[in-house]
């Protein structure tokens, strides 16, 4: 088996075994969504108004919760050596790690989005755009997060530093993602937003593996 | 020095040295608050309406970010032994840990609250109630969180489980806390809400140390 | 006259017992070496004796009292250092030593702590963060506590690991001193012939079948 | 003819050099024991040799090439096991062994892996999660990789730690076999007389003053 | 030693408290519980979906009541049982109580989930919305979280079943304390509460034809709960007692 | 019969409720049998491991 697939397979096995990585972000989302009406009190009618923003911010936060683990786990137990001390290109291994992370934590968010949307009274004709935008946006979270995770993996409390590092980078994703949903909920076309998101994703796929690989190497020195 | 103060002092030293524990929750709050207008797009006028809920939810989330560390750190490096394997009552040590945690992560939130409030256009006559409610509410987060942290300290990925466990318990705090701010922003008296919050805090102070101590003992078995 | 008596104690991991129940009795000044193959349950047994986890069968009596009925007395008299050293990465060596002992209710002044660090070969590392020590230095920092504590019973899990030759000798000498002062020692170690000759008794754990 | 030549290499931690620069040369079939006091820099040096971190001075040549100019070749030929074992808590022993090797591009079938686990004394633990192993068993699981790899150069940091007597003997025998097959060995160990007699050369690191 | 006078209740307590006899005694009931549950469900649903007259206001959509309300009752009933078992497990460290606690959580969570979804399915035609943040719904959702919390705790510590059970018990008890809090706080906050359409307590506006199937279903679900819970509890006991003789006998002789 | 299935226009709501009920109960029923089987299998292998030693 090629190292790439071996790495993806290992990470998927780990994720499915830990389970928590998959279902707990979802529960987290649900919980926070519940908090909103609780906190809003009589202002509950505004829910639909803020639904796109809340859904996207929640997806971002739920991703953030698992991002720091992309490389940190491997660093902590020493298994990062298995792909650093080898002639197989590190950037490919980074790609494998990102892919596994998205499958485990991004994809469930996409699939689960309609439930959150119902709870927040999002108009049902926007569900398609919501899921599409998340489908393009969540991999970007994983990509950008992998750089942050590579930079902070040797820190004991890197989780919050990572948040601070990647949040500004992810702001545009949030703007266009939530923007797409807002437009579609108003009955307008969301094409421009989706296009821009896709562009960002392509950029990430081509650049991030090398950036993250460099970050890992710097971190280990 | 009494073990109680020794423990508080050690944790404060650690917190001040790590720094991240203090300033990163604040940065996190700021970032998410920034995300809201970004995500809302044209709906920015609704900001003031959702301000009380958002501030309180953010305080909750920011606390959650550090809650799992209350005991987990000590468990991971073995220093939990220093207060478990001694005849000094474990519940006192728990109280010390909670106190240190609140001083490091709750208090800054209280002090910082007006800044967030300004950003979200909360009417300025509510600032007093906002800070008062946070002053009573954030220690409750630390208390309840300490039980969750004690339960999950031996798990590698306990952070999200902790979230799931304590969120339902913290919901009432959120309701009354945000409720107090809503009432005051509408010009009503927030006394009942504040009173109820205070009652919860008293309950926590008397009960939680024993519950958390029991949780630690079960966890170590 | 033995003050610690263990009768038929055994431990469990998951849902099954690890080793055949063991018995031992220790009087002041005696020492016990637990040995056995990798994975037979030495660490588990030590942690149970220290009071961390429950036994699956049997009892330990300390000064005629069953251990669970009088844990405070046991905690006051016994001192445990396990695989995990209990050092805080972000505290300096000095802070680590002082705070650990104070939290246990043991008074220690700064000059005393500096002296203890010196004895343990960490002179000059007082203000280095514990996270930046080498493997052996971390172990030494943990063992420095032994210099300060007055507990008559020491429970040590593989304390020789990572120590260099000089470090092992130092540790042996301090263990010797402890037993000569009527202290009790319960210890595990692999492949260390000298300790085997020094202890009063070696107890080889045997796996259950 | 030596294929590894180190000239005046030294390492740094923080802002100061750790030990006096050292020189060595290794031909196939030779072995090198790095020793020295706790904290002198053995681990740091091994990690640098493995390619993890940079040297502060000096060069290593492998087959006439400076190591940094041709890291891929070096990675293809050398195999490192450090303090951290690289086991995943949530994977079973079998999965750990197989996935680690596959990620390094080494093909291994399940029966081979089962056999390797048997040799290393973990028969019957194939499906146990690595997080539920004892200290020595974890080390054994990491060392099982050595049975499967074909790399001519092994770099091992304190591999004897936590192993019981039988485990140490097994490790010694496999190291012997490796050098007899013209393999190269770079190793650190404290307080283990047998390995000291077996290696071609012992290099004692001395602290800078 | 003083001689203890044993009465029937004490003896029963000791018998049910010992895993082997609990296993044996519960074995007698299992089949019957399942059988009665199936039969009653059949009767109840036939009665409710076919025989009962349509509601004059809601038409046939009201028939969701025969799923929704029994499930809603069960979701709370099971949590109560779980909480009591948890208390016993913590205070007296009784293995059987742990078993009951662990075995109740999954089925209780299922009941809660069905309540939520059927409520949603009822809300759409009645209120024109799938979901409203009303007091009852919100607290039911939080109940689901509590169940999930108990189960997640149990699985997180899966290496040692008994420890895991005691941890889960702690969560369950804390959740028990939480239930009234949620109930009241939610009342406090709520302003858009939808009053009950049908009341069966006191002045009943529901006819006997409509009530009969409801009660039948309520009993049927209790029987299924009994079956599911006992079956899981037995499995739990086998798992935690795997070194004991009686477990070996059962496993090897294939008598369950 | 058709009228019965149609549920006065509420077919989707009523029948999905009933369906959900049965499916969930079935899932529960199956999962407890599976769990029971695996536990018994594990215990058997545990006994075997002991006998072989």
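For reference, chains read A, B, C, D, E and F in written order, and residue numbers begin at 1 within each chain.
Everything that follows uses one rule, which is that a residue touches a chain if its C-beta (ideal position, glycine included) is under 8 Å from a C-beta of that chain, and two chains touch if they have at least 3 such contacts.
Computed from a predicted model, the values in this text were never measured in an experiment.
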| item | value |
| --- | --- |
| Inter-chain pair with the most contacting C-beta pairs | A-B |
| Same-residue or different-residue interface between chain C and chain D, half as cut-off | same |
| Separation of chain A from chain C, taking each centre as the mean of its C-alpha atoms, in whole Å | 45 |
| Computed distance of Cα centres, chain C from chain B, in Å | 37 |
| Whole-Å gap between the CA centroids of chain C and chain D | 30 |
| Between chain A and chain F, centroid-to-centroid distance (C-alpha), Å | 33 |
| Set of chain A residues in contact with two or more other chains | 18, 20, 24, 27, 31, 34, 38, 41-42 |
| For chain F, residues contacting two or more additional chains | 46 |
| Set of chain C residues in contact with two or more other chains | 13-14, 16, 83, 89-90 |
| Chain A partner contacts - residues on chain D that touch it in the complex | 50-54, 71-73, 75-76, 78, 80, 82-91, 95, 99-100, 102-105, 107 |
| Chain B partner contacts - residues on chain A that touch it in the complex | 18, 20-21, 24-25, 27-28, 31-32, 34-36, 38-43, 46, 49-50, 52-54, 56-57, 60-61, 65, 69, 157, 159-161, 163-164, 167-168, 171, 174-175, 178-179, 182 |
| Contact set on chain C toward chain D in their complex | 13-14, 36-39, 41-43, 83, 121, 132-137, 139-140, 158, 160-168, 190-192 |
| Contact footprint of chain A on chain E as seen in their complex | 120, 129-131, 133, 138, 141-142, 145, 148, 152, 155-156, 189, 191-192 |
| Chain C to chain E touching residues, read off their complex | 13-17 |
